[in-house]
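By written order: A, B, C and D. Residues from 1 in each chain.
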Amino acid sequence: MLKLSDLNVCSKDDFVAALANVFEYSPWVAGQAAALRPFAGAGQLLAAMTAAVERAPDELRLALIRAHPDLASKTQRAASLTAESGAEQNSAGLDRLSDAEYEAFERANSAYRSKFGFPYIVCVRRHTRDSVLRDFERRLPNDAKTEAQASIVEICRIAALRLDQLVASDDKLPVHGRLSTHVLDTHSGRPAAGISVELTELSDLGEPRVVARATTNQDGRTDQPLIGGRPVPIGRYELTFNVGAYFADRGVPMSDPPFLDRIPLRFSVSDPEGHLHVPLLVTPWGYATYRGS
Amino acid sequence: MLKLSDLNVCSKDDFVAALANVFEYSPWVAGQAAALRPFAGAGQLLAAMTAAVERAPDELRLALIRAHPDLASKTQRAASLTAESGAEQNSAGLDRLSDAEYEAFERANSAYRSKFGFPYIVCVRRHTRDSVLRDFERRLPNDAKTEAQASIVEICRIAALRLDQLVASDDKLPVHGRLSTHVLDTHSGRPAAGISVELTELSDLGEPRVVARATTNQDGRTDQPLIGGRPVPIGRYELTFNVGAYFADRGVPMSDPPFLDRIPLRFSVSDPEGHLHVPLLVTPWGYATYRGS
Amino acid sequence: MLKLSDLNVCSKDDFVAALANVFEYSPWVAGQAAALRPFAGAGQLLAAMTAAVERAPDELRLALIRAHPDLASKTQRAASLTAESGAEQNSAGLDRLSDAEYEAFERANSAYRSKFGFPYIVCVRRHTRDSVLRDFERRLPNDAKTEAQASIVEICRIAALRLDQLVASDDKLPVHGRLSTHVLDTHSGRPAAGISVELTELSDLGEPRVVARATTNQDGRTDQPLIGGRPVPIGRYELTFNVGAYFADRGVPMSDPPFLDRIPLRFSVSDPEGHLHVPLLVTPWGYATYRGS
Amino acid sequence: MLKLSDLNVCSKDDFVAALANVFEYSPWVAGQAAALRPFAGAGQLLAAMTAAVERAPDELRLALIRAHPDLASKTQRAASLTAESGAEQNSAGLDRLSDAEYEAFERANSAYRSKFGFPYIVCVRRHTRDSVLRDFERRLPNDAKTEAQASIVEICRIAALRLDQLVASDDKLPVHGRLSTHVLDTHSGRPAAGISVELTELSDLGEPRVVARATTNQDGRTDQPLIGGRPVPIGRYELTFNVGAYFADRGVPMSDPPFLDRIPLRFSVSDPEGHLHVPLLVTPWGYATYRGS
């Protein structure tokens, strides 16, 4: 990572080179921000760059929008994706789509491009496959002006995440969310240690995708959040807890087969930058969950 | 259905003809019971028949065991299944097995028959596909004497269910279980009416199978139990509640997408003749369930 | 109890004598209803009597209001209370008030009588001591016309309850509520049998008053509802469950002293004719309750 | 507070003077520990002092026991209590006992002293009034040797707490517990802010005593633990939450009076050095609690 303190003092050329792709194929944004150095923090740097975009003339903003690739396009994958765009699309699983999903994305891209004349842009690191398609359906009926503005908003979100990964600074950009869990064994009145937990991203058109596996520690929590240090993608999830094995290991009397074995909690994430806590209170005969904080 | 009062007074031949297949292809059981008429109730009639089986010489009991078909055998389906056996096997979905399941059943049948010299018998109306296979695995290591006795126990369970369907009597044979649910909306403090509920039988080797669909009434219950008037098959189930639509219809503020939408409860049934109540206490932000009664 | 069928055919004098005090010291109400016999049910009889009151001239209605005693008045107790009024006031504990409560009632009565010129009337069998005082505070600011009408409403409620106790009929007047409980042991997955339960009416000015004691049966319920066959008085209650002894008797490992011992649930009743169910789901380490139905 | 680093280098006399009353009226304990300086931490210092007690001859240990005052004795209060003993007894409310409690303590003291010839000693900062009396009842049947040893254990606990208050060191003696709460509003899916919470110590013989009041913050927690930085006294407690006002302030539809208003949770503390978390999950129509961690 680059240090903000170094970026504050290097040559303008070096500065622009370093931040050229924070806005896709658009080094001019960094170029305008360079003049405003030094920056007290990453937040100030981001603000300077987004301000440059906001005040740019319409044609330039449109060119910025058009500089972005189509989502999940096989043709573009082989060719012109920036490393950043590629990594972002992979993070959402867009490189491993089912046939039905590919088709849905292609349909979405063409419909959008033919209506507006520019590609559909969304900050995919804040989304799952399903929520991208859902977002597309919501935006397609809009008019071009609304969509141009919506695209700029998404582009700035993409830029914030790229900057967060690129530049080390004392302040933290508010781009990270967290998804955590906690298992409390209300049969014995203790945190439940040693429970295997699995987090799966669900999809309407494709296969579910396991995105985290962990085992609860002595405090009934996982050592790391299930998702952390990045946005929690908007979407539907299933979190399963292997409580049958846990209670069997402890010699707790149960029915055969056990009334509860693998408990699934199904929920949606709507706020990628929020802290979502999904705990489980459990005995062999019942359980409760709720959106915690 | 036949009236017990009629069976108590008809000719022995008619009595035996009517009850010939309560024990598969073994009218002699009815024949012995005929002499003990009149019966005060179906329970007494069943007891007389099972007592006849219990005191029969070993060869006759073995012949009774051998009179039973293999489970889920394609060859026998085409040929010699009694109507009763066919209906029973279909009730457990044995006529709609996946390839992997068929294979597993064939392996089980051959292994069992070649070890013991008689078919593997289980009262399938008390089981799901998975629990039949699990039961087989548990019984295969036994010795022949244990298995002959286990087969008689299962045959008597089959007979009890056949008698229950065949003969009308004031007393009820204790062969029926019940699976029910109840949804309480703890957001508004009222029973949740109009929630669609779906009960699915899960399987390790085959597809899940929807076994009941219902909508909750004004009392938050379903008008009929999800399963009732028969044993609740041993096995794993998923019960889903469409709470997202319910709260949306009531204008309750929710996140987008809603934190909770279709809530799955996954549990196992271990006591087919028991009353199992699986309620849901729910708000848009959390829920609880437990084995009720 | 009198049979409605007898009342339908007896002389007018007997009819009026029998129902003279359904409306306090006002046999004329029964007198008018007598002409409309026969009645198909108690509901029809009640409707005839309340209709007579509704259409009575204002002076007669005022006389009816004035025929009622003051609540909890020591002077009137010694003298002129009808048996019905006395029993009703006692049912709400108005004969066992603390000094502070007596004083509050006296203040309420005088303030009300001096403002309106007639006694404060409320159907006390639908109330606790506290809710009577609260009702008084709410009504005192009203104008005389509103209060005259409110008094008639209360008088008709009193009449409905008196009729319900006096006349046997096939139909049931909708004057009974029910308060019930249910204890589910989610540690062992069974209804909790043998738990002692105590229901206490709470009061701001006086002592709490135990109104029901029971022990849970095999189904985790009480054999009789905690309150049933009468209105559930509006007010604040505490329901305590002796779960410490229950779990200790079953040899469940607990801390010393046990984390949970006597669990109090404190709640209010607002609908005397409703069915209020207050269950407890409990392990030695946690519990849940909710307004059920 | 004294710094351990200073105690490590001061004169033996100063050292002994400073720690003279860590063990009641027994400077010889500090005297023996002085020779072992320097100590790496408070834990090591405590270990040296308790080791001195452990290896002391029986007469000296008995003298140490006899140097302690009777609990809650009015006579001794007026006279010879060390400042430390006085403060400790006050912390448990032993200076504000009801008459019944005083009497119970006097009875306990005399019975104990006349059986064993030395005073009943318990580390009162780990106890409530009730649990002291309960502890006494448990110990009175013991033999003298067991009680001499039990007294030494309690004396060492007292010493640990005195040392913890007296000496500043990098390490923390494990003498502090914590009692905390958390309110989650599962009606709106958010932490419940602004709820007033009150913690009351319950007593069989005396009045309840409010020991903490707080209001929940934006995270649904209290800014400080309800009890922290000291042992959580063994005993029975009631924690009440004013949820009626909270939901009313938010305009949530409720019954009148509200079904839930002040919710009491009654529980016992058994492990004074443990972390006990007692959360509340609540809607206007139900709630749950459990021993968390």
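Note that contacts are C-beta pairs under 8 Å (C-beta built on N, C-alpha and C of every residue); 3 or more make two chains touch, one makes a residue touch a chain.
In UniProt terms the chains read A, B, C, D = OHCU decarboxylase.
In this text, all values refer to a predicted model and were calculated from it rather than measured experimentally.
Novice: Report the chain pair from A-B, A-C or B-C that duplicates the A-D interface, where duplication means over half of the contact pairs agree by residue number.
Specialist: B-C
Novice: More C-beta pairs touching across which pair, C-D or B-C?
Specialist: Counting C-beta pairs in contact, C-D comes out ahead.
Novice: What is the chain whose Cα centre is as far as it gets from that of chain C (OHCU decarboxylase)?
Specialist: A
Novice: Using CA atom averages as chain centres, what separation in Å is found between chain B (OHCU decarboxylase) and chain C (OHCU decarboxylase)?
Specialist: 48
Novice: So, what's the distance in Å between the C-alpha centres of chain D (OHCU decarboxylase) and chain B (OHCU decarboxylase)?
Specialist: 58
Novice: By residue number and range, which residues of chain A (OHCU decarboxylase) touch two or more other chains?
Specialist: Expected reply: 186, 189, 255, 259, 281, 285-286, 288, 290-291.
Novice: Which residues, counting only chain A (OHCU decarboxylase), touch chain C (OHCU decarboxylase) once they are in their complex?
Specialist: Those residues of chain A (OHCU decarboxylase) that touch chain C (OHCU decarboxylase) are 186-189, 253, 255, 259, 281, 283-286, 288.
Novice: Considering the complex alone, what residue numbers of chain A (OHCU decarboxylase) touch chain B (OHCU decarboxylase)?
Specialist: Against chain B (OHCU decarboxylase), the touching part of chain A (OHCU decarboxylase) is residues 131, 134, 234-236, 255-264, 266-268, 270-271, 285-291.
Novice: Taking the touch rule as given, give the residues of chain B (OHCU decarboxylase) at its contact with chain C (OHCU decarboxylase) in the complex, in rising order.
Specialist: Within the complex, chain B (OHCU decarboxylase) contacts chain C (OHCU decarboxylase) at residues 184, 186, 189-191, 219-220, 281, 288, 290-293.
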